[in-house]
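Structures for review follow.
Both complexes below contain chain A, partnered by chain B and then by chain C.
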Partner chain A sequence: MRRWMSVLCMVLIGTAVFAGASQEDGGNAAPTITVFTAGPGDLPAAENDVILQTLQDELGILIERTALAADYDQQLNIRIAGGNTPDLFAVSDRNQLVNVVAQEVALPLDDHLAKMPSVMAWYSESDYQKGRVDGTLYALSRRPFARYSTFLLREDWLENVGLEMPRDLDEFAAVAAAFTFQDPDGNGNDDTFGITGYDGIRSFRPIFGAFGTSHDGNWMIRDGEVVYSTTDPRYREAISWIRDLIAEGVVDPELLANKGQADMTKTFNGQIGINYRNLWEYYKPEYTEQIEAVNPSASWVQMPAISGPYGRADREWDVAVVNQLNVLSADLADQPAKLDGVLRLLDYVTDGPGQRLVLYGIDGVHHTYDGNAISVDDQAIADVTYAHNWQFTGRDELLYLSTKYEWSLGYLEFVDSQPVVPVYNGLVGLPEGVNFADLERYEDEEVAKFMYGIRPMDEWDDFIETLYDTFSLQAFVDQAEADLRANGYLE
Partner chain B sequence: MSFAIKDRTAFGSAGTVGARVWKHRALYLMLLPPILYYLMFRYAPLYGTTIAFKDFKVRSGILGSEWADPLFVHFSQFFRSPYFAQLLRNTLLISLYKLIWGMPFSILLAVAISEIGSKPFKRIAQTVTYMPHFLSWVIVYGITYALLSESMGLVNHVIRASTGTTVNFLSEPRFFRGIIVGSEIWRDVGWGAIIYLAAISGIDPTLYEAARIDGASRTQMVFRITLPSIATVIVVLLTLRMGRILEAGFEQVYVFYNVRVYSVGDIIDTWVFRTGLEQWSFSLASAVGLFKSAIGMILILTVNAFAKRWGHSVW
Partner chain C sequence: MVAVRETFSDRLFLFACYTFLTIMAFLAVFPLLYVVSVSITPFEEVLRHGGFVVVPRKVTLEAYAQFLSRTTIPRAYLVTTYITIAGTAINLFLTTLLAYPLSRKSLPGRGALLIFVILPMVFTGGIIPTYIVVRSYGLLNTYWAMMLPWAIWTFNAVVMKTFFEQIEQSLLDAATIDGAGEFTVLWRIVLPLSLPVLSTVGLFYGVNHWNEFFQAIMYISDPDMLPLQPVLRNILIGAESPTVDSVDVTLPADTLKMAAVVLTALPILMVYPFLQKHFTKGVLLGSVKG
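Then we have the complex of A and B:
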């Protein structure tokens, strides 16, 4: 019996080794392309993914697709460090792109653009700019998403406390106070708060906007000069204003400890009157159902930008906003069949039938296309909600969203009409030899102390001085100036 | 195993190594898999730590990457971080608190469980206490949040009802380490007790019988028999824990901390995580890992030297 067990073990180990070895030879068959991106985790298994099947059939390739819902950066990091770089993968921002380029795992794309006619037709110079490092194109930037987020506000509470939609900072503070202290839900208990958020100290984006600045860590240009938001005097004013707001007790005390969907739980429970969130979380049917399940009378509206001492703006918006940068593995340089497959895949989903496939599913099943307009089968398209995972090069946002989610057009247009403060982070890289993570931690930590009244405001200048002295801020500023000059945003 | 006896006659007292190995070949054969395991998974990867002294580039590989210039640049990046002292202090304190508070609880639990008379109840008690060990830290944070949250937590409901004020447990630096240590004890006390229970069950029952005949009380038996008998196990575990003193529990701290408690909660591993992720510094991460191992080894040797004086050393 024991001998039998040990023989079995040996056999199992042996087959595992050989199975690993035999995967390598593909012969002349269709090339297998590994594709690795982040995603919300809604991708079905390959055999149920009709979009994957169609792409494979149309392009004559095999696709191994992974879309990770969590820890994407670490997983990518591990795969690359393990010498197992995916053929096509995504990075989230410019810093990551600079890193993969420095690690020499990214394939220069300039010479291969000619093989992607649809990309060349659709991409503008500013799209390419986002994917360039030191003048060489290393990534195809996904065409950006529209803006989705604003402050959202309980309109029924506004009526209950007898106030108007706030137009400036004072009115906003008054509404937040009323939502906290005047029992807006009328249940006789002191159980509500004015404002919550999911993004810690950055949940106050529209407040920074009202001060004509942005949250910490952003690069702005004012009067032809680079301005780092954290050191902007307007930012200090905004922090001081928020400090008073918090001292008043109208902000969710767990603002900084909220993780995941904690703010949404408070929304569903009817504890919160104002939240900074994207419209999908408040208007997609699955969320509105949850909101109304607890409070049938609850009605959330988007709040217009409020005005402050330096004009009126809703939030910062990156001029070179990046949602996903598609990078090809440098290993593909010696694998022409695979390289060709990846290029055709990227080109196919950018325009024409390929783009319609990754937007609206299969023609005749999920939508019908009459050569001119698309009509979506609302029932059937629910089966391919995961299609967005295949939109590597993005989409015509408003057209797509309003075709797929007709109800969203009004909300999208509302957000789109709000004025913004332009920032340029998408074009600024990290200088070498300095630790950005330390700087980031110090800023977040100290700003939180100022906001929460733990550090007196008259120590603000010391705080800024420490950024320069201890955390080498000047090196970052120099880098930003160089990058923005190279991209033509500075004289 | 009859061949062992036969071998003695075959080789007599010829004490060559080869002969001795052959004589106990069955035992050596059994030793082979673990040796292979350690060679393959513990010793072979050691050469990878050289990237702590290199500017590691993925494409060039471990051997092909350039040596760092200066050689200790990644170490000095860590040492020169404005947060180095704070990180070290936080890591050591959290780790020590966990040790100081966690071990007695586990020992106490093991003694308590071993004192239970009813066998089925004993089993249930043991299972129930070690189960939380299998919960992920995200879930434990969820439970902690439900209990301690200022706006909706159970504890704060009670505090508000009795005093009219609330306490922000989750974002106050003075509570953070306590919450970390407390939640760790809650989750792992039963798991830690398993090994003490095993040691207790190995104690010769005649000792207890003799003590009972002499009229010893239960407490006396615990202090005179149980605890002295497992003292060696306690010291061994303590010594081994010393080797991991700079591991304060990355996963837990990462889930629990927030910007307000960085000053007391940021540990070496979370710093490496943020820095390494931001700048893909594999070399930095491995330099810090090497530093932690070096400290761990020094501590193990020191503690073992002390333990030797009391006759409880590991080796």
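Then we have the complex of A and C:
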């Protein structure tokens, strides 16, 4: 008995010492930097992460890296509340940035910019604007992604039903109806639908674009005035139009219930003819294989913007679109070695060899760089698909994508050539004491009711009134006006 | 032996029972069958059948190969196995040491101690205070953070205490008269008689460690130390979010998701049959006579 007890105690104590020891190492030579970001994680183990290893060697720092695919905000809040703020972390939008600034965990960056010459060379005023709160720079915004999404349409179905690519709303409705009722796949069964989407009531972005407005919850500027899209009369017209479309039965009845990749499964199965999606999910070889495996004849094309009563636009596009805001912990103010490490890391990945490392992997292994152009080894680069997790400051989007995915250039240029409705959400913060999430949820629910004919359109004005009375919309409008004026978009 | 004649109504009743049980068994097995089938069917085949395959016609282990070839997965298995074994050992050790004294009626202040033990069942500290405690003990980013917090579940301790109380006092008295101390009584008499409760409670703890997720994502920021569940979630989560955040990420197909389910559930499923006999075994069969 006693022997058994003592063995157990030894084991427990032994592991405790072991566990404790592993925590203490690091010494004082190279500072250890904790980096915490959201993103489709799946980072390899640290010793297999060649990018991590190279960054550590080049910069003389140690990096402790976490990329969380889920529950990121919650984890970040716990770490901040527990007094363990990561040295470098990401927030996803302006509201979160305002929050961390209010909690005094974000380090003001204006005085440190000089230590990041590459950032200064590449960043424009509008990039900085996104990271400023009350005039102070608190975040380095990742340079934005390009636009990827449009309506995509089954071209082979279009031929089968004998119609042309739709140019305006009426033609679009006719195509959707033909895809639903004229058996476009010729299998004799009534098993197809015109339109589906992954984003619920927001799947109709190009329809809103054709009405010269955007989906609910966006800030626009028209004739020098701030317009909140939900209260825009054009938005009401668009909803009324979509309502008729849905009543006709050409929209996937599961539209609002589509979760995750449900719409893509319907794509692969050949059940739908039009979907609002990002080009990668339709043209990346991994996905085209899946489409062709079931329907070898399926051919998906990008649909140009359609015109409507207020012009022609494909979708809304945030002038200050934010994909990621990099924030430094305020604790770094009195840890100069660490601070220096984080600044050098951010600067290194912004230009030159550091940028090439986080874009294309190791020179000579995953790509070769001849001092001028880059050629990518398609086989080898598949080993570093996680590299995007290290692109803190973003990239020269078109150059990157066309180098890495040569086939994508045409599709990207197509999306880029489509006209858009500018919105300004990335610059608008939240007023204190009101809850935007409640407002958003209420809007989504009610708009869905209007779209699906559950609520009569003549109650629309009551709906807008409720937004002002119950959800304090005016406070948001005032805030938007103040923010857009401060950023020079309003007189 | 007198043969019992089954009447028609007996047979009808039996038939109804069997039918009912068959339906229930089918309802239980069907989702599992579906998961396994999809995981071993080529993805194109799954799509061709609208995502619904019950009996696979073509079989491939590609999804499993894809998973196991990731460097993070074997390591995550090791971590999970370690915290399951070591964690359950710690749990059982500490829970026993709490439950046994509480089961002895001679313990001074037993009532007050019991209240002290049971109170946290109703009121817990909350996420952030717990995080601060774990942090202040220097447990962040150690395997201990997944084993020491919640090392004793009050509920399990109470189950164990109740079981210990059912052991005949005379048995323990007899051992004491033979010169056994408290530890010897516990080790030599009580524990061998308590295998059913130890295996039950051990299984509760073990399954919980195997499924370790929450504490891992709270306290572990080093990706190399993450157990299986968060690692799988990180791989699969893209399939749940409607858009791909990065063009470089390709979403895993359904087959891959199902393979992940099988890979995580299988090992713990395999433990059940070996523990089952302890659940049903008689407890004190023949130990006290007269």
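In this section, the second predicted complex is superposed on the first by the 467 of 491 C-alpha atoms of A that agree within 3 Å, B and C clash if a C-alpha of one lies under 4 Å from a C-alpha of the other, contacts with A are read in each partner's own complex, and residues count from 1 in each chain.
Definition applied: a residue touches a chain if its C-beta (ideal position, glycine included) is under 8 Å from a C-beta of that chain, and two chains touch if they have at least 3 such contacts.
Only a predicted model underlies this, so the values are computations on that prediction, with no experimental measurement involved.
Enquirer: Figure out whether A:81 sits in contact with chain B (first) or chain C (second), or with both, or with neither.
Expert: both
Enquirer: Please indicate which partner A:269 is in contact with in the superposed arrangement: first for chain B, second for chain C, both, or neither.
Expert: Both partners.
Enquirer: Looking at A:193, would you say it contacts chain B, chain C, both, or neither? Reply first, second, both or neither.
Expert: The first partner, chain B, only.
Enquirer: Looking at the overlay, what does A:95 touch: chain B (first), chain C (second), both, or neither?
Expert: A:95 contacts chain B only, not chain C.
Enquirer: Please work out whether A:280 is in contact with chain B alone, chain C alone, both, or neither, and reply first, second, both or neither.
Expert: Touch partner of A:280: chain C, not chain B.
Enquirer: Using the superposition on chain A described above, determine whether A:414 touches chain B (first), chain C (second), both, or neither.
Expert: In the superposed model, A:414 contacts neither chain B nor chain C.
Enquirer: After superposition on the shared chain, which partner residues are touched by A:452: those of chain B (first), chain C (second), both, or neither?
Expert: first
Enquirer: Which holds for A:256: it touches chain B only (first), chain C only (second), both, or neither?
Expert: first
Enquirer: Mind telling me which of the two, chain B or chain C, contacts the most residues of chain A?
Expert: Looking at chain B versus chain C, the one contacting more residues of chain A is C.
Enquirer: By the touch definition above, which chain A residues appear in both interfaces, chain B in one complex and chain C in the other?
Expert: 81, 83, 259, 269
Enquirer: Show which residues of chain A lie in contact with chain B when the two form their complex.
Expert: Contacts found on chain A: 73-74, 77, 80-81, 83, 85, 95, 99-100, 102-105, 193, 200-201, 252-254, 256-257, 259, 262, 266, 269, 271, 330, 430, 435-438, 440-442, 444-445, 448-449, 452, 470-471.
Enquirer: Using the touch definition from the top, list the residues of chain B that touch chain A in their complex.
Expert: 57-61, 77, 81-83, 141, 145, 149-152, 166, 168, 170-171, 255, 258-260, 262-263, 266, 271, 274-275, 277-280, 282
Enquirer: Which positions of chain A touch chain C when the two form their complex?
Expert: Checking each residue of chain A against chain C gives 1, 4-5, 8, 12, 15-16, 19-20, 22-23, 34, 36, 39-48, 64-71, 75, 78, 81-84, 86, 145, 148, 198-199, 259-261, 265, 268-269, 278, 280-281, 284, 286-287, 290, 293-294, 385-388, 401, 404-405.
Enquirer: Where on chain C does chain A make contact in their complex?
Expert: It is residues 43-44, 47-48, 50-51, 70-72, 75, 86, 90, 93, 127-128, 131-132, 135, 138, 140-144, 183-184, 187-188, 217-218, 221-224, 233-235, 237-251, 253-254 of chain C that touch chain A.
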